[in-house]
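Across the two complexes that follow, chain A remains constant while its partner is chain B and subsequently chain C.
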Partner chain A sequence: MKKKIRPDGKEKVTGRLKYLTDLTFPEMLWAKVLRSAYPHARILSLSTEKARQLPGVQAVITHEDVPALNGFGIVTPDQPVLCKDTVRYVGDAVAAVAAESVEIAARALELIEVHYEPLPVVDSPEKALAKSAPLLHPGGNILHRAGFQRGDIQTAFSRCVNVVEETYEVPRQLHAYMETEGGVIVPEKDGTLTVYVGTQHGFKDRFQLSRILGMPEEEIRIISSPMGGSFGGKDELNIQPYGALLALATGRPVKIHQTRQESMRSSIKRHPMSITMKTGVDQNGRLLAHQTTITADTGAYATLGPAILDFAVEHACGPYMIEAVDTKGVSVFTNNGVSGEFRGFGGNQITFALEGQMDRLAAAIGIDALELRRLNIRREQDPGPLGQRIVQTNGALEVLESAAQVYRDKKQQMPKASEWKRTGIGMAVTMHGGGLGFGRMDPAGGRLSLKENGKVEIAFGFEEAGQGILAVIEAVATEELGCRKEDLSIVIGDTALVPSSGSTTASRGTSMVWHSLQRLKGSFIKQVLARAVQKTGAEESVLSIGPGGVWKNGKCALSFESLAAGEEPIVVSTQFDFPVSPDAIDSAHYLYTYSGVVAQTEVDLLTGRIKVTGLHQSTAAGPVVNEMGYRGQIEGGGVMALGYTLMEDVVMTEGQYATENFDSYLVPGIQDVPFDLELEAIETLPPGDHYGPRGVGEIGTVAVAPAIANAIYDAIGFRVSRLPVKPEAVLQSMERGVLYENQS
Partner chain B sequence: MKTNPEKAGAGVIGLSFRLNGKPVQLTVPPVIRAVDLIRNELGQTGTKISCGIGRCGACSVLINGKLSVSCLTLAYQLEGASVETVEGLSDQNGVHPIQEAFLEEGGFQCGYCTPGMVMAAKCLLESNPKPSEAAIQEAFSGNLCRCTGYGGIIRSVQRACSS
Partner chain C sequence: MQMQREQGLSFPPHLISLEGIRELADIEETVDGSIRIGALTDLETCRNHPLVKEKCPVLSEAISTIASPAVRNRGTIGGNILYGVGDAIPVLLALDARLSWFCENGIRSEWMYDYVSEQESPAESAILTDITVSSPIKGRCFFRKVGRREAFIPSVVTVAMYREMTDEQTIKEIRMVAGGGVSTPRRLKMCERELIGKELTDDVLASLSDSIKEESALIGDVFASVDYRRTVAANLLLAALQSDR
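Up next is the complex of A and B:
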C-alpha cells in the first residue's frame, strides 16, 4: 500500500507553514505577562506607573482592567486572569504589558512594582490536607473526591491467600510541545476580535474569552490551528486573555509568544499522584480484592482536575474482572504548578500502579505474570470497569495474547547479560476510555458541502496539533464519498467557518470524523446524484460519486465543477453526541481502546543507567484510518511515556520551579530510544460493530511505564515504585542487594 | 519584532551575508540573536524557536555548511557567512529529496521541529551519504522531537540515503 502523504505535509517539511506564532500584522505590538514572584502571597500594593512611562510601552493592564469575569477554567473559572489580592502559584498573572518591541515589554515588567506579603507555602498534598493548613480557596483545599465500590472488600481480602500492597509515586510531567504558547490577537475595525492562538477547542476559548471580556461570543473569532504540538496542554486558556485585553486596550494587534521558561512557569502539567494499591488473589490466581487510594496534586487551580481524578478512579482495576473493588481518590489544591489535561488523562498514573501490582502478585504466588493477567482479564461480554455496559470487543484479550506472543519471541532472543550489563523484559496491558464520559456534555458534528466552486468542502471544529486530524478527515471523506483528495477542501480550526464538533481531546477526533461521515454521506450523495440526474437526464441508479465528480458507466460523466456551476451550494450538517453507555454512571466511558506493551531494557550496573532497547505495542482500536498517522501516534506516545518512566520530572522546591528549560528538564532524544519501535494494530471488531475506528491519540502512552518497570525488575530484581527511575535509584537498589547474582 | 532603534545603548552595525544563496545587507544591533534576525527582520519563519538555549535544535540552520543553533548565534557572527535555512531547500519546482523522504515516511507530525531536523539531515547526508545507526544518532543528538518518538525521522533519513 502506498503511504498517504499528509495534506499538511509539504508545507511542514518546507518550512512554509505559518504557525500562529509565526504571524505578524501591521502595527503589531509585543506583549509579556508578569507572573507572581511567590508561590503564595498577599498582594499589598501594585504600581504600574513607572512601566507606563517607559517609552514604547502602549498599555499595562492589571485586575482593574478586566471588564467582566476575572477568572478562567474549562469547568470552574477559579483562576484569576489577573490577580487582585492573592497569588497562589508562581504562574499566577499579576500584570501584562504591550509595547513596540519584546525587549521593551520585558523591561517594562521589571518596572512594575508589586509588594507581596509572603504566605506559608503549601507545597504538597500532605501539607494541604493537614488541619493547620492555610485554605487556598474559599471551599478549602480539596478540589474533588471520587470513589468506586463494588462488593465487600474486607470479606474479599479475608479470602485471599496472598495480598500485595505498594505505594506508587509518579511525577509532574511537562507536555513539552515544541511550539510554546502564543499567537496574535487582532482588534478588527468593526469592533470584533480575531484570536490567532492555538487551542484544542476553539468554541470553548470563545466562550471563556466572552465572559472575561464581556463581549458577545459572536464578536470573537478563534483561529486555533495549526499548532506545534499540544498533547492536552493547550486545551485550557493560556495567554489568550492577556493578548485580548491588550489588543482591546491599544486598538492594535498584539503578539505573545512565551519563552520556554515562561511556558514552564505558567503551563499546566500532568498530575503528580501518590497511589496506594492493595490487591489480593485466591489460591487459583483469581483477583478477589483491589483497594486503591489516590492522592493527586492538582496545584493552584481546578481546570480539569476533577475529571482526571474520575478517570483514574474508573481505570483503577483496568481490564481485569475483580470481585471486590474499593477505590478512593482525592485531588488536592497546593501552591505548586497547576496540573491539568495531559494525553492519557489520569490513566497513565493508575496503570503504572495497577500493572506493577500484577507483576508483584504473580511473583508472590509463584505464577507467570502473563498467566495471572490471562486468568483475570475481561472478556467480550463483560461490563466496563464501573459496572457499566460498554461497546463489546475482545480487545483486552487480543492485545494480551499479541503481547504474550511478542514476549515469548523476544525472551528467546534476549541478548545475554554481560559483566556490567543486565538485560530484562517486561509487559503490561491496559484499556482506555475515549470521549468525555457519561453525564458530560460531549457534542460532536460536522458539515459537508458542494461549494459553488465545485469543491467538496468538509468542515469540523477540530484543531490540527500534529496528531494528523487533517489526514484522518481526508482519508475518511475520500473513502466514504468515493471522491479524490483533490476534490476536497478541508476546513478546521476557525470558529467563523466551522460547525461545533466538541473538543479535540480524549481520543475523540478520529472517531467523531468517522461518525459524522456516516451521518452526512447518505443525504449528501443523494442530493449530488439528484442534481446529476437533473443535468444529465440519466437514471440515478447508474450514477455514483467517483474521482472528480459523478460517474456513469465507468467514467466521469459530470465534474464537481459542472455540478456546482450556477447552482446553490449543497449543504448537509450533523450534530450528535459522543456515544455513551446506556447505564447512567457518572463519568463512565463506553468506547475503549486496548494496549499490550512489551519493553526490553538494558541496565548498566556501573552507572545505574537504564536503556530501553525494545518497545513493542499491540493496540486494539478498530480499523486503521491512516497507517502513518496511527504508527506516529503509537510510536510517539510510547517515547513520550519512555521519558515519563526514565527521565522526566518537573521538580518544584517550595512552590518554585527547579527545572525551567530543556537543560534540566530532559525529554527523550534520539539516543534514548530503540531504533526499531514496533507495533501491531489489531483491527478486528465483532460483527455488527457500528462504532468504526477509535482514536489512538492517548493509548500509546498509557501502559509503557509499567512495562519498562517490569523489565527493570527482570533485569536486576529492583521493584520500581517511583517514577522517573533515576540511575541513583538503580544504584541504591543494588546497594540494598536486590541484584540477581546468577542471571542466566 | 522590527529592530527598535532605541534599544538601550546597543547601537547598530551594517551586516552582509548570504542567505540561501542570496546576498543580504541590513543594519541591525550586533547582538540580536540570529534566529530573531532570520525570523523577524527577514521574515523567514521556517526556522523555529523553542527552548532558546541551544538544547532543542528547532532553530537549526547551516552556517558555512555547519549545523548551528541560531538561538545561540549573534547577528555579528553572520558577517560574511553563508547561511542556509529550510527555505533554501525547496523551490517552486519541488522539494528536496530529504524533504520528500520525510513526507513519505512520516518524519514529522506537528512539524515544528521539522525544519531543524531537515537541516540536520542535510548536514549529515552531505558528509556521510550512508550513515550508520550510530552516525544518525550522533547527527540528530541536538534535535528534539516530541511527536514522532524519532521512528519516522530515522526511517526518513534511511530512505533519503537509499534513494
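Up next is the complex of A and C:
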C-alpha cells in the first residue's frame, strides 16, 4: 500500500517534465556572468564600454548597478553580488550581461576589460591561519569557532589503558545535481518581479533579493519547483541576483542557465575537513575520553559554514556515551571556492572520523568492533550528544543490532578471495539531528483548504527538488484526512500561493508535513463535517471524510464538489516551530534519526581499486510515509556516499579548479553501484511518541564512508584515513607490507 | 572531439561526414580467414559482430570498456584509433593488426605498429578505410583497462598482450602493450625481446616488473601518478603471464 508511485514520477522518468530552465518567454534575453580570473586579486579597473557596444547586448551590470545591499548569504551577507575592489575566489562575479542570444552574451563577457592585481592565494586553512596570511575579510580569516567540553579530559585520558589518535582528511564534494543553476526572471507589467529559479527556500530567496534590489518582499514572487536536484547546493542564492538586476535593467525576461563548468566554478561544495581525533578506553572497553579538533576549509564566504561546523561539533561523539569530551572546531576562510550546505551537513565528515576511531580502538584492545560499539552506545533515556534532552527512542541500539545481524549473516556468506582479489566487510553507525537546532529560527507551517471547485488543497512552502516531498504530502494528507489522492490539489514552490513552511533542508520536510497535518486536520475535518451536517441534515457522529467526499454508512453521501459548490472555501492554516530541546543549548538538536551500515568490498591487489559489492543500511526514523521515497532516499544517499568514499573530489590547485567538468570530477555510475543494495527500515517508536515520521533525506549518506573504510581494512589491513580512497594509496600500503591474509 | 571542445580546444571550422560511405562500415572475413573491419563500423556493431566474437573475442571485450552504450552506438572503430589514445588501440597492437588507408595514389596498407609509433597518417589526405586482424589467433590474448570508476571512464592504464608458448613452455612469440591517459599506447619491445625463448620462472618475472615500468613510459596527472600507472601496468601484465604457468 505504501509502495505508491510518486505524483511526479512518470513525468520525470519519461523526460516529459518541464524544469524551470526549460521555460521561455516572449522577448526573453540571455544572461551570462563574468567570474573572476583569479582566486584572489584586487580589481584595479573595470570597463564595460566595449561589451555595451556589441550589437545585441542589452545591458551590462557591475557593482555600481546594485541598488541596495551588494551582498548575499543566508546568515551573513558577506558575498558581494558583484565585486567592487576585491575578488576572493574564481567564482566571484564581477559583471553580468544580458543579450539577445547566449552566444552574444558569451562574446560580450570577453569584451569586458578587468585589470586585476593578483594577491597571494590562501589555498589551505594552514596558510589562512598563519600569522603572515593576508586577511580575506575585515574580521580576519576565521569564520567561526565552535566547541564542546564535558568532564576532565586529561584525567580521563590518564585512566585509559589504550588511546588511539588519527587525523582524517575528507574532500570537497560536488552536489552534482542534474540541472545546473538557472531559470528565468520576469519583470511584470505592474512593476513586480517573478523569479522562476530553483531553490530550497523560496521565502528566504525573496528576502535576500529584496535586500539586494531594494524592493519590498511582497513585490517579488519566487516560483521554485520543480527543479532538477539540489542536495543543499541551491539553498544559498546563486544566479538569481544577476537575472533580477538584468531583468529590471532591461524590462525584459532574462534567462540564465549555467553550463556545467560555470556551475563547477561558482557553486558551493561540501566542506573539506581535517579532523584529528584522540580516543581512549578503559580495560573493559568503556570509552572514557574523546578529543576532537576540526579544521574546516569554508572557502571565500560564510553561507552556512558556521552552522555546519556546529553540527560537526555536536555529532563528534555520535551515538556513544563518553565520560569526557573535548571538541574544538574552526572554520577558516580561504580562496578555495565556497563551502556550504550539503546533504549530511557536517555529519558525514565527523562520522567518518568517529567510526574510524571505533574500529581502530577495537583492534587496539583486541575486542570485536561490534562489541565495542554495543558497550558504549546510547540507550533510551540517555541525553543527547551535547547533554541536552532529546526525543527519546531506542534507535541507536536498534540500528546497531540490526546491522550486527546483517554483518554476521554476510560475513558467513563472504565470497572467497581469489588470487588477486581480497574481500572484506565493515560496519558503522551514526545518529543525525533533524531541523536547524536550538536557537535558530526554524518556523514551519501549512494550509489546508476546501476550494470552491471541490478540491482539497494542501499548500506548503516546501520545494520539490527530486527528494519526493510531493509524494510525502500526498501520502500523509490522504492518510490523515481519509480522502483519495484524486481529491487533493498539492500546491508548493510558489511564494504567491503558499504559506511559509521554512526551508526544504535539514531532513525537516517529511516531519513538518506530518506535524502540520496533525495541527490542521482537526479543525478542517470539523468544518467540513459541519457543512455536511447543514447540507444533509445527518448527525455529525455518523459522518466522516472518505474517498471523494463525506461518507455515511459506508457510502459517499456528499462529494467534495457538492460540499464546496456555492460556498466560501474552508481554510485552515497553521504556523509553528520545528520542535527543539527544552534545554537551551545553542544549535543542539532534538529529533534524531539513526543508521547502521554494513558494507562489503572487494580490493583488487593488482590495481588497488575498491569495488563495493554490498551496502546494507538499517535506518530508524519512525514510520515510513512512502516506501519508494524512503528507499530512494536511503539508496540514493548510499550511492552518493559511495562516490564520496571512492572517487569524488573537487581538486583545487592554488585556488583554481582542476576538475572542471564531469570528465574529471567523477560520480558513480550504475556499474559502481552494488547489486546487493538493501535497506531495513526500523519504524518502531516508543509508546506515546507524538513526533511521527522523521525525515530521511540525509541519514542515508552519513555512515557509509566509514563502513566502506572498515571493510577495506578487513580485506587488506589498510587503515583508510583520507577520502576519497585512492587506489594508489591502497597499492602503496600493500608495498609497505600491510597486506595480511585474513581469509585463510 | 566533442569532449575536447568542452575542454576549450578549438573545433575545426568545417567537418566532412563520411557516414554515407556504407562500404566502410562492414565486417567481413577475408580469403585467408582474417577479419577485416571497416573503419566506419560503429563500436557497438563491432563488439557484437559474430565474426569478432567468435574469432577475436578479446577485441569485443576491449570495445565493451569504451565509453557508454550511447557513445559506442555513434563512435567508430576508426575514430577510436585516430583519436590516438583510444582503448581499442592496445588490443589491436597486441594482435598486430594492419591498417589500410585510401590515399591519392590508391590504397596503402601498413602495420598498426608503424602508424602508432609514428603517429601520422601515411599521407596528408589519407582516409583510414579498414583494420585487419589475422585469424585464426594461435596464442593467448589478454586485455585490461583500469579507470577511475567501473565504466564510462577514460583509461588510467590499459594493457594488452598476445603470447604463444612452445611445447617446452618457453615464450615463442609475445607482444605486450601499455597505454592509458594521454599516453600513446606502445609496444614494450625491449620487454618482449627479453622474454623470447625464456621459461616464465620466478626470476624472469621478477626482473620483468621494473622493465615494464620503465619501458611503458606512462605519463601521470593530478588524478593518478606516473608511479601508480607504471606499477599497475606491470602488475597486470605480470599477473597475466603468471596465469600461463
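Criterion: the second predicted complex is superposed on the first by the 739 of 744 C-alpha atoms of A that agree within 3 Å, B and C clash if a C-alpha of one lies under 4 Å from a C-alpha of the other, contacts with A are read in each partner's own complex, and residues count from 1 in each chain.
Convention: a residue touches a chain if its C-beta (ideal position, glycine included) is under 8 Å from a C-beta of that chain, and two chains touch if they have at least 3 such contacts.
Because the structure is a prediction, the values reported are computed rather than measured.
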{"item": "Touching partner for A:661 - first (chain B), second (chain C), both, neither", "value": "both"}
{"item": "First (chain B), second (chain C), both or neither touched by A:180", "value": "first"}
{"item": "Chain touching more of chain A, residue-wise (chain B, chain C)", "value": "B"}
{"item": "Contacts of A:19 with chain B and chain C, given as first, second, both or neither", "value": "first"}
{"item": "Partner chain in contact with A:669 - chain B first, chain C second, else both or neither", "value": "both"}
{"item": "First (chain B), second (chain C), both or neither touched by A:468", "value": "first"}
{"item": "Which superposed partner A:102 touches (first chain B, second chain C, both, neither)", "value": "first"}
{"item": "First (chain B), second (chain C), both or neither touched by A:420", "value": "second"}
{"item": "Touching both chain B and chain C, residues of chain A", "value": "261, 661, 663, 668-671"}
{"item": "Of all residues in chain C, those that touch chain A in their complex", "value": "3, 6-7, 146, 148-154, 157, 222-225, 227-228, 231-232, 235-236, 239"}
{"item": "Touching residues (chain side chain A, partner chain B) in the complex", "value": "3, 5-6, 8-19, 22, 24, 30, 55-56, 100-104, 107, 175-180, 226-229, 231, 257, 259-261, 465-468, 628-629, 631-632, 635-640, 642, 661-663, 667-671, 673, 675, 677"}
{"item": "Touch list for chain B against partner chain A, complex", "value": "1-4, 6-8, 39-40, 43, 45-53, 55-56, 58, 85-87, 89-90, 95, 99, 102-115, 118, 133, 136-137, 140-141, 143-154"}
{"item": "Chain C-touching residues of chain A, taken from the complex the two chains share", "value": "261, 419-420, 605-609, 611, 646-647, 651, 653, 658, 660-661, 663-664, 666, 668-672, 727-728, 731"}
